[in-house]
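Following this message is one structure expressed as C-alpha cells.
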Amino acid sequence: MTGRVLRLGMAGGGEGAFIGAIHRMAAALDGDWRLVAGAFSTDEGRNRRSGAQLGLEPQRVYASLDAMIAGELALPVEARIDAVAIVTPNHLHAPMAITALNAGFHVLCEKPMAMGVAEAEAIAQAARDARRHFALAFTYSGYPLVEEARARVARSDFGAIRLVQVEYLQGWLSQPIDSAGNKQAEWRTDPARAGLGGCLGDIGTHAFQLAEHVSGLRVQSVSAALATHVPGRRLDDDVSALLRFDGGARGVLKATQVAAGEENGLKLRIHGERGGLEWAQMEPNTLTLRWLDRPAETLRAGGPGLQQGTTRLLRTPSGHPEGYIEAFANIYRAFGATIRGGEECSFPSLADGLRTMRFIEAVIANAASDQKWTMISPGEKE
Amino acid sequence: MTGRVLRLGMAGGGEGAFIGAIHRMAAALDGDWRLVAGAFSTDEGRNRRSGAQLGLEPQRVYASLDAMIAGELALPVEARIDAVAIVTPNHLHAPMAITALNAGFHVLCEKPMAMGVAEAEAIAQAARDARRHFALAFTYSGYPLVEEARARVARSDFGAIRLVQVEYLQGWLSQPIDSAGNKQAEWRTDPARAGLGGCLGDIGTHAFQLAEHVSGLRVQSVSAALATHVPGRRLDDDVSALLRFDGGARGVLKATQVAAGEENGLKLRIHGERGGLEWAQMEPNTLTLRWLDRPAETLRAGGPGLQQGTTRLLRTPSGHPEGYIEAFANIYRAFGATIRGGEECSFPSLADGLRTMRFIEAVIANAASDQKWTMISPGEKE
Amino acid sequence: MTGRVLRLGMAGGGEGAFIGAIHRMAAALDGDWRLVAGAFSTDEGRNRRSGAQLGLEPQRVYASLDAMIAGELALPVEARIDAVAIVTPNHLHAPMAITALNAGFHVLCEKPMAMGVAEAEAIAQAARDARRHFALAFTYSGYPLVEEARARVARSDFGAIRLVQVEYLQGWLSQPIDSAGNKQAEWRTDPARAGLGGCLGDIGTHAFQLAEHVSGLRVQSVSAALATHVPGRRLDDDVSALLRFDGGARGVLKATQVAAGEENGLKLRIHGERGGLEWAQMEPNTLTLRWLDRPAETLRAGGPGLQQGTTRLLRTPSGHPEGYIEAFANIYRAFGATIRGGEECSFPSLADGLRTMRFIEAVIANAASDQKWTMISPGEKE
Amino acid sequence: MTGRVLRLGMAGGGEGAFIGAIHRMAAALDGDWRLVAGAFSTDEGRNRRSGAQLGLEPQRVYASLDAMIAGELALPVEARIDAVAIVTPNHLHAPMAITALNAGFHVLCEKPMAMGVAEAEAIAQAARDARRHFALAFTYSGYPLVEEARARVARSDFGAIRLVQVEYLQGWLSQPIDSAGNKQAEWRTDPARAGLGGCLGDIGTHAFQLAEHVSGLRVQSVSAALATHVPGRRLDDDVSALLRFDGGARGVLKATQVAAGEENGLKLRIHGERGGLEWAQMEPNTLTLRWLDRPAETLRAGGPGLQQGTTRLLRTPSGHPEGYIEAFANIYRAFGATIRGGEECSFPSLADGLRTMRFIEAVIANAASDQKWTMISPGEKE
C-alpha cells in the first residue's frame, strides 16, 4: 500500500452471493481499501445481516444505492466513500454506475458492462462528464502472466500475429439448475436481468476481452453460432465463433457452460510468425512460450525472464502460487492507485466494456442471420 | 501374429520419404506382414537403392506400380503380394488404388483418399467390384485410447453428446519452406499433387475423421474459414470451422500448419449431458474423463477400467508407453486379420475416406461463399 | 467472518522482509483480523516507516516487543491486541513467544518453533501455564487439498499406509548469495540466528510436518545425510533422510535449497495397500488419487468428491485457483476462530512444533554418526 | 537398416511370457534382425506352439539352449544365428550367456545380468575370451531423450553435478499375487530364480543404471533400507537408498513395487550448479531443463535443440510419440550395428551389468547391518 486507505461502498453482494465476497477479499488483500458502506440487498433483513457480518457501522448499511449516495454525500469528504463497487445482476449495472458517477464517485463494476451498447455508451459519457474513473471486473487481465503475455506480444517476440484461439469451458449449467432454484443460474439465464447473451454475456465476454487485450488486436468481424442445449433455457448456453482480426490474424472463440465436468477453463493461445504462447487460467502461474527454432520455455510467476510490469503484480516469491483473488486484487490496486493519482496504472475500463458490448451485439446478429460475417464497429477511438 | 505372414508391396516411399518408412515399421512390428516388393520411386537409381537397403530381391523392385502388378501376377499365388501400400502424393492415390484393386490386390492407402469426391467414389466402386479390402491410413484411429473413447461414447457414458472440439496444430509450415526446397512441404502445397486443400487435406481430414469416428455422429453442415498466412503459398495453411452435427451437437474444428512452435497437436474433446472426454495425440496413453458429479478419471493404457476392445490393441503393460508406430501397426494388424478372414476387425476404410472428401469439398465451397452454412452430403449408406 | 474483528500486533516483518507481508495479507483476507500494532524493526527509521506504510497509528508502532506489550497492556482490554505474530529470524522465536504468552497474548509464530527442543518445550510450558493459544506457520497445512488428503488417509481410503515420500526442492541457494548481501539467505545460513539446521530447519521441517500431518503417522527413527554444497556456507543446504514410521511404513524425505532451477517444489506422496495420493504445492488445487483396481481420480478444489472439512477451507468456486496466501489465511482464520471460542478448529500448534524440533535434532545427530538409525522421541502425549 | 539382416535365436520367451514378445517386436521394428530360431520353453508343447506362432521353421525350434547351439553350429555360417537373446528368469542368465558366448555367439541378455557379482564376472570373462559382444537390456538407456540428458550433463550444461534423484515406482505387487498364480510375480519373488534382490534386482537395478549412465558419475557408497510389505513374500518389495557419488554429489534412490496405483514410474532428476534436468519414462518424449537464471526449457523428441546423437535415435517427426518398444529397438539396432562392425555404437553392456550387481550386493549388505554407509567397489576399469 502507498498512501491513504481508500473507502469502498458496495452495491449488491449480500450474504449468499458469490462475487461480492470475492470483491471484498480482493479489496482487503493489500490494505489499500476498506469496505465502509453497502447496499447489499433489497431484502431488508438480508441487507442488515450482511452489513453486520461484515462489521460495518449500522448507519452505513443502506436500503438502496440511492440511499447510500445520499448518506455518504452527507458525510464529510474525509469519511465519505471514494468508490462504489457494483456487483449486482447485469440489468442494474448501467443505472447504478451512472447514478454513482453523476454523484461524483468512482465506480468498479462487474461485467458485462451493461445490457447493450447504448447503455454502455451512456456509462462512458457519464464517466467522462463526471471525470471519474470506471473499472470493469475483467479479472483475468489482473493475472501477472497475462500481463507478461501481453507485453511479449506487444514487443513483437513472436512476429506478426496470425492465430488467436481462446476458449472458456464451464460445465455448471449442464443441467437445468436455473429452473431448480439455483440463484446464480437463475438470473444469468433470465433475459430481463442478464441481457441478450447468456453464456455469451457471462463468459464469452471474458474470452473476447482477454483475446483483444493480450493480442493487442481488434476483432474486425465475426461469424458465430449460438446454441441452447438445455431444454427450456431462455438464453444461449454455448457460443462458437470464427474471428477475423485487423491485420489478417484469424481466431476461434469457444465459450460454453454445458461442457459437463469442466470447471473454469479459460485458455488463450496466440501464435505469430516465429512462435506462440499459451496461458490457462486454472494454472495461472505458468506461461508457455513455444518457438519455431528453439525449445519451448516455461515462464513462471516469480521466476527468471519476466518483464518488470509483470513482477510488480506479484506478491509472493517463485513457486508460491497466487490465484484468482490476487488477480482481482491487482485490479483493485491499480484502480486505487489511479484514484490516488500517484501512479501510472492500467486496468480494464470503458474501452474494454464498450468493445465487449459491441461483440455481444455482433454475435447475436450474426448467429440469427444466414450471412457469413458481421462487422464489429471499432467505435470511437476508445 | 495368427496365421501366415502376409506379403506387402509398396508404391512410393523411396529413400528420404517420411511416411513410407513409418508404414514399413508398422507392418514389421508384429511379424504379420513382410515387405517383399516395391515400386519406390520413378527415379531408377533411387528406386534400386531403396529396394537394396530394404533387403528386397532385386527382381521385385519394380519401375512402376504397373510393372509391380504385372510382375507379381506372374508369380505363383503363394509367393505373390497380398496387398499394395500406396504412400505417394495425393494425386496418385486414386489411379493407383483402382489399378491395384482391379488386379485383385487389397490396398492400404495414405490419406486423403483422393483428389475429390468423384475419385473417391471410383475407388469405392472398384473395391466393391473387385471384392477387395481397402484401408486408409487414418492412423490416429489406431491408438488404443481412441478406441476406448469411441467405445465410451457409444455406450452412452456421457449421455447425449452436445459438444465436439477437435484441433490439429502444427507449426512446420510457418515459414515459406515449400519454396525453399523442402520436398514434404513442396508437394503438400502444390494443388496439382495435393488437391484442393492444403492444411485442410493434409491434417484437417485427420481432425474431421477423428471427430466423427469417436463421436459416432455425422457432421451435417459446416461454416468455415480458410487462410493462407505465408505469402506466395498456393493452398490454405489454416482452417477454422464451426460444425453442426446430426442430433444437435455443435462442434469446432481448428487445423493449422502455421502455429509456430507447435508440433503435432491433435486433440479431441467431446462433452455430453453428464460428462466428457479429452484425448491428445502427443500423450496418447492417457484418456481423461470428466464428470458432472464425481472426480475426473484418468484412464491409462494398460491400466484398470479399459474395455476389452482397447486392451486388445496394446502390446506392453501399463506405464510402458506406446506411440505412433504402434497405432499405425494396429491398422496393419486389423487390415491383415481381415484379409486372412479369421477375425472381426475394424479399420478406417471407404466410408471414412468418402466422408472426408465430402468434408473437404464442403469447406472449400463454404469458405469461398458468403453463406453461413454448407451441408455435407451424408452419401449413400457407406 | 463471524464475530468481532481480532486485533493483531506484529513482531518483525519491517519493510523489505518477505514473510511479514504475507502474514499481513493472510490476516487481512477474510476481514477477521486487523493489524493495529507492531514492532517491525530494531532500526528506528525502518520501524517507523513500516508502521506508517501500513497505516498504523504512530503510538502503536513500538521500538520492541517489550514496548509493544507494555503499551498494549496499558490500553483498555477492548482496544488491546489479541495476539502477536512473530515473524523474526528463528533465534528470537522462543524468547518473544514466551514473553508474549506470559503477558497473556495469544501467539502465531513462524517456523521452526525454536532453536532446539528445550526452547520449544519452554514455549509449550508457557502456553499451557498462560492458557493461551499458540499457532505455528506451517502454512502448507492450510491448503484445502492437504486437508482432503489428511481426511482420506484418516478414513482409511488407501488401507494401511506403507510408503511416504516427501520432497521439498528449492534452488535459490545454489550460489553463495548468503555471502553476497542477500538478507534472507544471510540469516538462514547463520547458526546464531537460524539454529542448528540450515535447509533442514527452513524447509526440511515443512516436509516433515506435512508428512506426519497427512499420514497421521509418527516417524520412529531416521537415517540421514546432510550436505553443504556451496563452499563457505556454515549450515547444511541439502538434506536426505530415510524414515521408519510407527506401524511399519517406510519413508524418504528430501529437502534441498541447491536444486538449481527449482522453485518451491514441496510434494507429498503416500501409498497404502489399495492406492495412494499425490499432492504438489505448486499446483495446490489438485489432489491425485491412484488406485490398484480402478482409474486414477483427480480431485479439484471446489469440485465433486471433497469432504466437508475441505470445502469449508475454500473461498472460490471450482476452477478459480486459490494459492499460498489463501492457505495462510486459513491458519489465521482457524486461529482466530479458536480465540473467539465459537468453533472447533484445527491449526498447526505445539505438537507440530515439538515434533519438528525433535526431528531436527535427530537428523543432526544421525548425520554426524556412523550409526544407521536414530530414534525420534515421541515426546509426552502432545 | 544398413547392411545384411542379422539372425536371432531366442532362449525363453514362450507364449504368455511378457518380455520375449517385446524383444521380438524391438528386433523386428527396423528390419535389422530376423528371428529364425528359438528354445522358448522347457515344456515341449508350449515350445512347439510358440515357434509355430512365430512362423519359425519347425527344425529351428529347439528343446533347449544347448540343442539350439548344437543345431545352429551344424548350419552353414551364412544361415546360422548371429546372436542369442536370453529372456529367461535371472538364474539362467549366466549359465546360458556363458554357453552361448563360448560357442561363438553374441548375446543380448535380460537384466539383472546374473545372480551375483561372481557370476557377472564370469560372463564378462567369457565375453572377453570369446571376443563376442554382450548387450544388456537396460532398455531405458535406449530412449532418445535419455541420451540427450546424458549428453547435456557430459558437456557440463549444468556445471558440476550436486544432486541425483532417481525413483522407480510400481504398484503391481501390492497384493500377494505371487502366491496366487501370477507367473511374472512368482519367479520374481523366488530367491532361487530371481536372486538376492526382489524389487531391488528387478527395478532397483534399472534406477541405479540410469542414474550412473546419465550422470556419468559412480556411486561410491550407499546407505539403504529394504522392506517387504506383503506378508509371506520372500524377497524385498521396497528399496530406499541414500547415495554418495564420486566428486561429492548426493543422491536418493527409491524403487518400490508396492506403490499401489503406480504404473511404471521411473523418473530421474539431476541438478548441478547452474540448473538441472528431469526425465520421466511414462512421458519419454519430453526432457525438462531448469535453469537458475533463465526460464525452464522443454526439449521434445524431434524438436529444436537436440544433439545429433539424440536425433539419430528417432524414427518419427516431432510430435509423433515414440515409446518403450522403440527405445528397446534402439538397443537392438546399436547391438546389430556393432556386430556388423560398420558403426561406432553404444549400448548397455558388461560395465553396466557389473556395476548393478555390485550395487545389489552393497545394498543387501548395508540393509542388513547397523552401519551407515557401505562402499561399492568400483571394480576393475570396466
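Every chain is named by a letter (A, B, C and D) in the order it is written, and numbering of its residues begins at 1.
In this section, a contact is a pair of C-beta atoms (placed from the backbone, for glycine too) under 8 Å apart; a residue touches a chain by one contact, two chains touch by 3 or more.
Quick caveat: nothing in here was measured; it's all calculated off a predicted structure.
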| item | value |
| --- | --- |
| Pair with more cross-chain C-beta pairs in contact, given A-D and A-C | A-C |
| Of all other chains, the one whose Cα centre sits farthest from chain A | D |
| Length of the line joining the C-alpha centres of chain A and chain B, rounded to whole Å | 43 |
| CA centroid of chain A to CA centroid of chain C, Å | 35 |
| Between chain A and chain D, centroid-to-centroid distance (C-alpha), Å | 55 |
| Junction residues of chain D, two or more chains touched | 262, 289, 291-292, 296, 300, 303 |
| Footprint of chain D on chain C - complex, ascending | 158-159, 162-163, 165, 167, 171, 174-175, 223, 225, 227, 229, 238, 240-242, 244, 248, 250-252, 254, 256, 258-262, 269, 271-276, 289-292, 296, 369-373 |
| Complex interface listing, chain B residues touching chain D | 1-2, 4-5, 18, 21-22, 24-25, 28-31, 35, 53-55, 170, 172, 262-265, 281-285, 300, 302-303, 315-326 |
| Complex interface listing, chain A residues touching chain D | 289, 291-300, 303-305 |
